[in-house]
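Letters A, B, C and D mark the chains in the order given here, with residues in each chain numbered from 1 onward.
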Amino acid sequence: MRKVCVVLSARPSYSRIKSALEAINNHKDLELQLVLTASSLLDKYGEVIKNVQADNYKVSAEVFTLIEGETLLTSAKTTGLGIIEIANVFNQLQPDIVVTIADRYETLATAVAASYMNIPLVHVQGGEITGSIDEKVRNAVTRLSDIHLVATKKAAERLERMGEDPDTIFMTSCPSIDIASSVERKEELEYDIVSKYGGVGGDLDLSLGYLVVLQHPVTTEWEDAQEQVTKTLRAIKDLNYNAIWLWPNSDAGSDGISKGIRIFREFEQADRIRYFTHFPPEDFIRILHHSRGIAGNSSVGIRECSYLGVPTINIGSRQKGRERGKNVIDVGYDYDEIKKAVIKQWENGHYNSDELYGSGGAGEKIAAILADIELSIQKSLSY
Amino acid sequence: MRKVCVVLSARPSYSRIKSALEAINNHKDLELQLVLTASSLLDKYGEVIKNVQADNYKVSAEVFTLIEGETLLTSAKTTGLGIIEIANVFNQLQPDIVVTIADRYETLATAVAASYMNIPLVHVQGGEITGSIDEKVRNAVTRLSDIHLVATKKAAERLERMGEDPDTIFMTSCPSIDIASSVERKEELEYDIVSKYGGVGGDLDLSLGYLVVLQHPVTTEWEDAQEQVTKTLRAIKDLNYNAIWLWPNSDAGSDGISKGIRIFREFEQADRIRYFTHFPPEDFIRILHHSRGIAGNSSVGIRECSYLGVPTINIGSRQKGRERGKNVIDVGYDYDEIKKAVIKQWENGHYNSDELYGSGGAGEKIAAILADIELSIQKSLSY
Amino acid sequence: MRKVCVVLSARPSYSRIKSALEAINNHKDLELQLVLTASSLLDKYGEVIKNVQADNYKVSAEVFTLIEGETLLTSAKTTGLGIIEIANVFNQLQPDIVVTIADRYETLATAVAASYMNIPLVHVQGGEITGSIDEKVRNAVTRLSDIHLVATKKAAERLERMGEDPDTIFMTSCPSIDIASSVERKEELEYDIVSKYGGVGGDLDLSLGYLVVLQHPVTTEWEDAQEQVTKTLRAIKDLNYNAIWLWPNSDAGSDGISKGIRIFREFEQADRIRYFTHFPPEDFIRILHHSRGIAGNSSVGIRECSYLGVPTINIGSRQKGRERGKNVIDVGYDYDEIKKAVIKQWENGHYNSDELYGSGGAGEKIAAILADIELSIQKSLSY
Amino acid sequence: MRKVCVVLSARPSYSRIKSALEAINNHKDLELQLVLTASSLLDKYGEVIKNVQADNYKVSAEVFTLIEGETLLTSAKTTGLGIIEIANVFNQLQPDIVVTIADRYETLATAVAASYMNIPLVHVQGGEITGSIDEKVRNAVTRLSDIHLVATKKAAERLERMGEDPDTIFMTSCPSIDIASSVERKEELEYDIVSKYGGVGGDLDLSLGYLVVLQHPVTTEWEDAQEQVTKTLRAIKDLNYNAIWLWPNSDAGSDGISKGIRIFREFEQADRIRYFTHFPPEDFIRILHHSRGIAGNSSVGIRECSYLGVPTINIGSRQKGRERGKNVIDVGYDYDEIKKAVIKQWENGHYNSDELYGSGGAGEKIAAILADIELSIQKSLSY
């Protein structure tokens, strides 16, 4: 039995790997070791761990690493502490393979610990392009990784051009689409979001339609985070649409976003914006499916929503360069641009489904590769 | 004045950057901030800090990060602690540019701290190819870096193929050659090595000629380190040549190398092998110049010795793939192969100088680039 | 000039040392080095650093150490990280004396770093008695300290009985009383609290009188924190008095307190409770002075309020054993008890001032001792 | 079954707790969790872990925490890292009781982690008196501990005077004496020390009798360590007695001791001094028993040797204040004093056995107490 250790560090990682977790768990030659770290453990970021446990996954280790401050300095230090702590966990669990996901800053801690300890490292979602520090992190993780499981053809091509060994690159599609494709998309949302998830802020009348909003700080522009989010808040408020607003991830600048939201919430009457900390993956898909669109800068707008056909208003530089479908309108941090694009998408209705990031089955493919591939930690560029 | 923070982590880093330190120090638009960390502070690795201070450089911060154990686990943890500590130093010194050198595992700590803190990062000696974890580390550091100062044309080409922006890649040659080219190479060594540097072990009769030996563990083969070095020890001993043997750097497996040496030293009479912890850069060049050859797996055999024409017996996989001149014979971890190659090189005498890694002036070029280049932390692949 | 390094870790430390900071700063033979760490840097705990800067103190170092989680595990880890970080700061600042204050868990990090580095350590507010982990922390800090500046005669006697050298024990009174005694206590509060400090929650009509509430988790009972605070919330709400409620410090269990408050705030209509994160020391004294009483378990109710004569309703075990004046009524975590005691104190009006913890001048005495005392790190019990 | 977690941090801890480990292991109501940390894992300090494993104890966790440097700064940082790491281990093992031993600086890491995590803490060997930082550490650990198992009546009395609850203090005698009392002391040493343990340095002719030497740095005088040890080396060398010399523990200043030994070894012909890194507890007792005396500043000279009647030359301030028997002569760091005392003790022969620190059975008593005592983490001084 190969022991496959998957490290989750934040809310979005779970959606992006859940179908693979299930497939690994069900595979006769694989044993899943699930490690939760950083914000995935914390109440204020939605306690992903509760979803994970509710979904009946055994958590092999919980690793607290987040140093408070939400500055660049604390991001660096959280990563350092993460390496120290995660290295211990690997030493104890002795996995045959470590899996790290995507490009958040904490993923580098997993990648360094595994590669320095001579454990074959698998990277899911390499080869993409974005802005922010994510761009550097993703490519650094690629260089430390022995096996690459990518979401799109272009991503695979890019890794090959970079000199990664073609035999180690697999186009599996994106596991986040597995959830989108497996959730039954009914005519109406079968539960009341507010009764089920609470939230704080304005009252919603969801029968009038609603927008989902999710805006993270861009770490390379982190000092502008508060100002950036305030523009979005104002635009949405003035449109007077119902909005389901998700708190940001934990990053340098999150503090600015949160402050922006808190100040706005106290001083401006925004009766139709309600704030939530987290939805489990399937419910989030359902909420997106029934929405009139998603605004902000989450990759969900690019990835899951291209498949779901949900209109996306993508704000700012965070997703710059990422492959996208027709469902996306890009705008700057500008009140008027945002407002105009939101109206347009709200009126547009759903787009056709685009299978750019896959159409299901990625999790199964990933498990099969992890079970079959020959493992090695010796690596050199193919040129 | 641009504040340029150079972080040294180990004995070899100093030789590889010293001429640049001097040029930065002398440049009217640059202010040097020198940070010493990891083994560069420790007595048992030669206390590089003493050379640095003897050379009149002001040390802006001393950062103890080395967690004892010399295992893969402690390498990972040392790197994590390094990030935490170095991030503090950057926060305090507020440099405009951070410079990290080559590919030892600790350099990644510098790279993560700087890039996560939005400080423009300069990497010296990227784009090369080797074995060991160094290969992964070097390329990961490349991905976190904003500016690349490389030693050879091929290195520059490789970075461009990887998608690094050509405007950020500069072929400066290798600053280690600056020292080799500036030291006057006299007919005879003007001092007695043993009186000046002590060392422990056998007595040397240097008038008979001598070999330099320097063999590090290969971290991806770290459990074999003791066995690997013992083969070299036995081959050198049986040849009965005088040998100036340098203790290894601090890595996973160094413990194995040290144990191999200690056991050999106690139980086998090797009257002509003497062990030293460290020579300052210039004296090391002189010692190499007057030697009959260098054996082991240090990059000095590839880099400085190609310029000096000193015969090199390169053992094992550590330098695999690195560009080399005619002065190098490659052998496996094999008693007979090593012995045969050492005899051949000992008899061969010096080779012609090869300017593959430069011929001086790299330090000046580096300082000029650091003073003039436009700084940015926004980065995306050129494809 | 003796360099005196004072380390603040949390909101209350500032009030308890401010007058000494001023006296040190003004003393011709002393140089103040002020270090801020842990929650004193964080927005969500009131950003003590802003008050400090507004009061024109130069901050020598800011040290982020708080690992998120607010569990016992993260308290321990925060302390470990604190030692690592604060040791660096001492290494850089090279103080002649380090001052640590009171008994919060993070103070032990300061005490370990200083004592292990052979820096004479001064402890302010040793020799008192309380419940919670504070009791262990305070006495452990005493044992690591070379000089003891205590607030009461009984505290001095206790230290002597413990075997501390009488020549190192000084009864200076409590510097927190210096602020209480220096603030002019006018007939009416000269500003509107809500306009000046915002806060969130119900509207207040302060002309009807108000209560101050401040309830921290007891770390040795941390799992009950949410339940404990909910009883207080319910009692205060049902009384329908105006309440100025301060968020708790950062401790294991703070999360429970915060959750208790958030849930209560969303689901129960408490129109007269308003939540604040922090008041600067002087304004906090003014707010206390004009209040009808303070409820909760802060030492402010015991210390400053005994001098101010403000009625205190002290809830639970946190202050168990601490010397107190007549202004205090002790109650358990019990709805009825709390309600009854609040009513009684509200009706009682102010008590006579009690000088148990001093009557001003402690800061001056502390500075004089720090300037004059012979320093030593050699210590042994007096029996 | 109560889970009892014992944390060993260094070579001497094992001798001081071994008989208790055995008794815990054999007790029907106790489950032993053994954690090794700091220098107990390291080859250069004798790899205590190998003895432990040879003695068939299962090691529940290995925790690397030693930050290289052997300065005061790195001692502090090692302690900080120790808290972070050991807290993780406690979180994973969930012990009912934690046991920490004696007064080395790293023991405070165990004590902080346990007490901050609300785990009842047992301290073995509190209440004694010495010099160095050990004095502060021991008493700080006492204050964090809930149960005290002490070696002498005076130690018990001291703890009571300090205000520790008499119901939590137990005089068990010192478990190190259990080994001394259980090892059969034959007429002759039944093996050849050099063949069995190697060592480096001069040849020994043990038939002429021999001295054991063990001198640690005094951390509060750490900068004098090299000079201090050189005086002992010179005195022993000039006497030309056979000497079995043990390398020091890992402390601030060990580097000075090691340097002193290395320099002495290279430059002075000391044909009868041989250096060893470690002996297992039982063999160490045998070696002591057959020796003519022990010189240095180890507590072994005070504790085990009072029972064995082995003459002790105790040098300097490290054991200042510790209760001692008639077998001890105290001297300063002075060549003549040391020489004179060594001659006197060498000629004196063995003393009568003194049961000051016990006569066996401590381990059994400790296990019985751990099994029976009511556990609590609430603590307050008895006055």
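Just so we're on the same page, a residue touches a chain if its C-beta (ideal position, glycine included) is under 8 Å from a C-beta of that chain, and two chains touch if they have at least 3 such contacts.
Because the structure is predicted, anything quoted here is derived from the model rather than measured.
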{"item": "Furthest chain, CA centroid comparison against chain A", "value": "D"}
{"item": "Which of A-B and B-D has more C-beta pairs touching across its chains", "value": "A-B"}
{"item": "Separation of chain B from chain C, taking each centre as the mean of its C-alpha atoms, in whole Å", "value": "52"}
{"item": "Distance between the centres, which are taken as Cα means, of chain D and chain B, whole angstrom", "value": "40"}
{"item": "Shared-contact residues (touching 2 or more other chains) in chain C", "value": "73, 77, 81, 84-85, 88, 91"}
{"item": "Chain D-touching residues of chain C, taken from the complex the two chains share", "value": "72-73, 75-77, 79-85, 87-88, 91, 105, 108-109, 112-113, 115-118, 129, 131, 133, 135-136, 139-144, 158, 161-163, 219-220, 222, 252, 320-321, 377-381, 383"}
{"item": "Complex contacts: residues of chain A adjacent to chain D", "value": "61, 81, 84-85, 88, 92"}
{"item": "Complex interface listing, chain C residues touching chain A", "value": "39, 41-43, 64-69, 71, 73-74, 77, 81, 198, 200, 255, 259, 266"}
